[in-house]
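You will see chain A twice below: alongside chain B first, and alongside chain C after that.
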Partner chain A sequence: MTSDIAAILAIDGIATGAVYALVAIGTVLIFTVTRVIFIPFGDIAAFTALTLAALDAKRFPGTGALVVALACLATLVEIISLVRNGDIRLLPRALLFYLAIPLAVVGIAWLVMRMDPPLAVRLVLALMLITPIAPLLDRIVFRPIADGTVLLLLTVSVALHFALVGLGLLFFGPEGVRTEPLTSFSTEFAGVLISGQTMLIVLAALVFSGLLYLFFDFTLVGKSLRATAVNRTGSRLMGIRPARAGTIAYLLGSLMAGVSGILIAPVNTVFYDSGFLIGLKAFVGAIVGGMTSYPGAAIGAVGVGILESFASFQSSALKDVIVFSLLIPILLWRSLASLHSEEEIEE
Partner chain B sequence: MTRLHVQLAAVAALACLALAPLVLSPFSVTLMNYIGIYSLVAIGLALLTGVGGIVSFGQAAFVGIAAYATAWVSALNGQSPWLGLLFGVALTCGVAAVLGVVTLRLQGHFLSLSTVAWGLAIGFLFGNVEGLGRFNGISSIPPISIGSFALVSSAQIYYLIWGIVALVLLLGYNLLDSRLGRAMRALRGGNTLVESLGINAFRIKLVTFVIAACLASLSGWLYAHMSRFISPGPFDAGMGIEYLMMTMVGGAGSLLGGVVGAAIVTLLKNSVQDYLPLIAKGASGQLEIVAFSALFILFLQWARQGIVPSIARHLPKIRRERPQPAPPLPRRPQPTPGELLLKVDGAERRFGGLVAVNNVSFEVRSGEILAVIGPNGAGKSTMFNCLTGALRVNKGEIVFAGRPITRDPQSRIAKAGVARTFQHVKLRPRMSLLENVMLGTHSRTRAGLLAGAFRLNRREEASARHEALLQLERVGLGDKPFELAGNLPLGNQRILEIARALAADPALLVLDEPAAGLRRQEKLRLAELLRSLRADHLTILIVEHDMEFVMSLVDRIVVLDFGSKLCEGVPSAIRSDERVQEAYLGGVA
Partner chain C sequence: MSEMFSMTDVTVCYDNVEAVRNVSLSVDEGQIVTVIGPNGAGKTTLLMAAIGLLGSRGRMAFRGSDLGKMSVEDRVERRLCLVPEKRELFSDMSVADNLLLGSYSLRDRSGVQKTLDEVYDRFPRLKERQRQAAGTLSGGERQMLALGRALMARPALLMLDEPSLGLAPLIVREIFRTIASLRDLGVSILLVEQNARAALETADYGYVLETGEIVQSGPAKDLIHDPRLITAYLGGH
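Right, the complex of A and B next:
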């Protein structure tokens, strides 16, 4: 391998890694606030790419129908739980949040789409359509078992991923998509060609991580999210609702996953089931950061991207085997390094 | 219900199974075969997940390793499927042992995530390795032959599959009711208790892990020779989660639940395939996985316990007989009263900059009750954890019965004769009182895996059971030995912990705040019990908070304050010591 090839592979790896980093940061965000290891973030990213591709092709994406279906289901679940607890007076609020807003989002997207909007608007539409999915899934799937063990939540999360893959096939069809590059700009740096897309990916990863940092350190909502992450009961006593913190975390997380989906769509062909591998690799990165550190997750994800890039140069068939085999030593290192509550699985 | 009823039910079930192929259609027999094959994996997973508390998403990979191994041996190299079985099981167990050694030290969800990782990695391998047919798979795998009789039709292999399932269930239940099985059942709920009983938790986990993999490999062997064709599909990550689902639907803690779960999931999947096309034409393939995952999620939300345990709760309890007298277990040589038993010399333990225990020295002589007391944050618990091996001292030495134990792990210290109880009671609430106490006899008995599975351990079991009953009677809990430990009030749970510690035949009994949370009457009873133990020449070290409890009971007291030893002496001297009063009451005005 010459240094030229190494440089190209490294740049390629950094770009892929930056995409994983966005998903990884979202994963850490959800895990710290809700203790859910949200495997389906990869699916969210893939769905965003598919949504954007449908919008580009002037078709209304299946995401709309998916959001409507999930909104109805979430409303139903919410109403049942309100009736059970005798909180009927909260009904209008529930209808607003779980039914009206998601439906309005889909409606607006539908109307705007008819006007044949430019690319920038289509990007916003794709993100708008994708962000309600995770919070709605949270309401339907995770809220009823919010106090379960991490393992239970993980099992449910894996099952949810499989449900989403099936829904993806149903709503988007089996065809892979590759969208137009967001920019055709490219430059040469130290003899290596760097495309504008690569730079955009890295830039987006940096900007979003930075924004997240500002959000957590300088806004009250961000601080309440951090408080929930540290101690659910304690923050509840301080007037923070863990459920609301969870919804905000899911919204932010899916926004990041959505951005990564938009960024990866012009680089790789995305299928309805591409999300699993994106999600898992992001997740490997998140584990490098011990599932708690955002910079750690980002660095880990970039590392995974670089490793994958070099591994696929050596043997494209076995690159995934190499990446996942590497997870085991990382897990070992993290498990030994972290203080753990061993009574997690108490009967 | 007695044992006989259970045995009759088992025989009836076997008879039904044996007659089934005569009545069922060939399609139904094939379905039954799949159920049997999946059951084997689910039983292994029940052992691993429900009993041992290790959630694995990767069992499908083990099935695949064995299936590919036997296909390679029989279809590609023309050897006998029986050689394939041998090779498949050996290879799978070998891979599992290596994976286990590497990953089983991981905690909780880290461990489960590692199973996702290697499950995926191995799954990808099947489709990418040269010589294993890549994504086309391997076809024309020969059927299994017994002598010259080939098991070609589904009714023929049916008996082999279900024979193996029945045998596995029998051996599995035997194992769970043995010394090793109790240790496995104790894994769920954390390592600290397990290690404190002298059990090497890692080893037990590894054994459980390899057993589960071995069952998966049997399943893979049967699968390859029944379907006569394999491809990577049935061994991918999706199948791994399906196995987990079978286990949890059936009831993760129950081996029979594995069979029931496999049956329900397989039949459900089959009927979903039949009926979904009626609801949504053309999209049934996609909807199948959605419907399936949705059902699983609903199940996990509402009926986590699983089917078999929910039904078993409504069945009449199995009536058990009180253990009969049996030859006693061997006892360890006890130290002579008055001799030096435990010596702590200059112990120091730091947590970062905080010195929790600072240059503490004291001695315990055989036959006495010594208390270590001190106000909150004095370093009592840290001292206690250093003594029992839960923590290591940074400096200093601890000698027990003439042997340094400073660097020993918990389980070795326990084996040397130090038995402990916990400040926050650690019992296994779903095991009976008797079984909880029998856990204490682990290091005094030796029956292994095979002895347990084939019931070669009967004499030793009887002795252990009788010993446990004796200890229950000694502490006054002997009237209901088959009650579940979780049903006891806190006071009795503490007493039960002492019985468990006594069953280990300790030279030194170490009690961590035994009076915490007890009512007055319970404290008096506890003190009475400890006095009677001293009368039997047992040495006791108590770490305690409750002055009144300590003063009237113990022979000598060591007082700690801010990590250092303040003073040492008989209770009356300690009571009048000004430094102690200052430490507890904040100075004399």
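Right, the complex of A and C next:
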């Protein structure tokens, strides 16, 4: 391998890793706030790419019907829960958040789409349509078992992923899509050609990570999410509602996954079931950060991207084997490290 | 003085074991009420039920409204605050952020900075360490932070669970001086303590909880001279 090829592979790896980093950060965000390892995040990314492709083809995406179906189901679940707890006074609020707002989002997207909007507006529409999915799934699936063990939540999360893949086939069909590049710009740096799309991916990952950092450090809502992650009982005693914190975390995580879906769509052909590998590779990155550290997850995800890039050059057929084999030493190292700290605490 | 908070025949169970049985107590506006008793009597359980972290049978009311099935967060919004025995601080976050989060439940944010200044005036050590992570504070400083964080919510009823636990005598005196001074702010206090003497010296009224039941109650100045309590909790004489 020459240094030129190594440089090209490294740049390609960093771009792929930046996409994984966005999903990994979302995964850590959801896990720390709700204890759910949200496997379907990759599906959310893939669905965003499919939504954008449908909008590009001037078709109303299946996401609209999916959001409407989930909104109706979530509203039903919420109403049953309110009736059981005798909290009927909260009904208008439930109808607003679980039914009216998601339906309004779909309605706005449908109306705007008919006006043949430019690419920038289509991107916003795709993100608008995708962001309600995870919070609605949270209300339907995870909220009733919020006090369950992490293992139970993970098992349900895996099941939810398979359900979403089925729904993906139903709402988007079996065809793969590749959207038009967001920019045709390219430049040469130290003899290596770097595409504008690659630069955009890395820039978007940096900007969104930076915005998330500012949100956590400088807003009360951001701090309340961190507090919920650090100490759930303590945060409840401050009046921070775990369910509301969870909804905000799902919204933000979906936005991150959605952006990664938009960025990856012009580079890779995306199918209804492409999300699993994206989510799993981001998950490997998040594990490197111990599922709690945002910089750790981002660095881990970029590492996964670079490893994947070099692995596909050496042996394309074995690239996933190489990437996922990385999990074994990391988990061993993590388990040894945590054993060590427990001993320290006991002392 | 009008009644602010009351518990009537409250029973709290862990699985099928009754940790607290048919407890009735009340706190008047501006009053400091203490619940004393030995380790394992159910004092912490009582406060956990009062804030809603544990389910209970019986009736609980705050300023006339039934707390019933009300969630912890709804109780906090009504300005009931608990400083738990474990403090439950946000250890990775700074002292300033911990205090700011104390005011999370306040809808009117206009007075937050003023309250923060008041907390810093009351606990100058917290101001010195405002950028430091809460997890790096000493035991006494953590208790000050827990108290300060609760004060940020401008509580109407402040429930304190063993505020003197694990602290040096000098710090305990400082904490109890602070608790007594809160009465002047109009804050009502329900204080649960093993340090019976310090609690009764600070409180207006006291209850004695033993094996989950109230066995004695009365004005604190009377309880402190009660021969049985002197023998059992106040170190003889």
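The definition used in the following text is that the second predicted complex is superposed on the first by the 337 of 347 C-alpha atoms of A that agree within 3 Å, B and C clash if a C-alpha of one lies under 4 Å from a C-alpha of the other, contacts with A are read in each partner's own complex, and residues count from 1 in each chain.
Please note the rule applied: a residue touches a chain if its C-beta (ideal position, glycine included) is under 8 Å from a C-beta of that chain, and two chains touch if they have at least 3 such contacts.
Since the model is a prediction, treat every value here as computed from it, not as a measurement.
**Student:** Taking the superposition on A as described, I'd like to know which of chain B and chain C A:L90 touches: first, second, both or neither.
**Tutor:** In the superposed model, A:L90 contacts neither chain B nor chain C.
**Student:** Name the chain, either chain B or chain C, that contacts more residues of chain A.
**Tutor:** Partner touching more chain A residues in the overlay: B.
**Student:** Does the superposition put A:R334 against chain B (first), chain C (second), both, or neither?
**Tutor:** Once the two structures are laid over each other on A, A:R334 reaches chain B alone.
**Student:** Where does A:I5 make contact in the superposed view: on chain B (first), on chain C (second), on both, or on neither?
**Tutor:** neither
**Student:** Output check: A:L193 vs chain B and chain C. Expected answer is one of first, second, both, neither. What do you get?
**Tutor:** After superposition on chain A, A:L193 lies in contact with neither partner.
**Student:** Could you tell me if A:V141 is touching chain B, chain C, both of them or neither one (first, second, both, neither)?
**Tutor:** A:V141 contacts chain B only, not chain C.
**Student:** By the touch definition at the top of the document, which applies to A:L119: first (chain B), second (chain C), both, or neither?
**Tutor:** After superposing on A, A:L119 lies clear of both chain B and chain C.
**Student:** Should A:A57 be classified as contacting the first partner (chain B), the second (chain C), both, or neither?
**Tutor:** neither
**Student:** Contact-wise, after the overlay, does A:L76 reach chain B, chain C, both or neither (first, second, both, neither)?
**Tutor:** Touch partners of A:L76: none, neither chain B nor chain C.
**Student:** Where on chain A do the contacts from chain B and from chain C line up?
**Tutor:** none
**Student:** Help me check something: in the complex, which residues belonging to chain B touch chain A?
**Tutor:** Contacts found on chain B: 53, 55, 57, 102-103, 105-114, 116-118, 120-121, 124-125, 128, 188-192, 237-238, 241, 244-245, 248, 283, 285-290, 292-294, 296-297, 300-301, 304, 428-430, 486.
**Student:** Which residues, counting only chain A, touch chain C once they are in their complex?
**Tutor:** 85-86, 220, 223-224, 226-227, 230-231, 233-241
**Student:** In their shared complex, at which residues does chain A touch chain B?
**Tutor:** The touching residues are 37, 141, 144-145, 150-152, 154-156, 158-160, 162-163, 165-167, 169-170, 276, 280, 283-284, 287, 317-318, 320-321, 324-325, 327-328, 331-332, 334-336, 340, 342-347.
**Student:** Can you name the residues of chain C that touch chain A in the complex?
**Tutor:** 51, 53, 69, 71-73, 76-77, 81-82, 84, 88-93, 97, 100-102, 104-105, 149, 153
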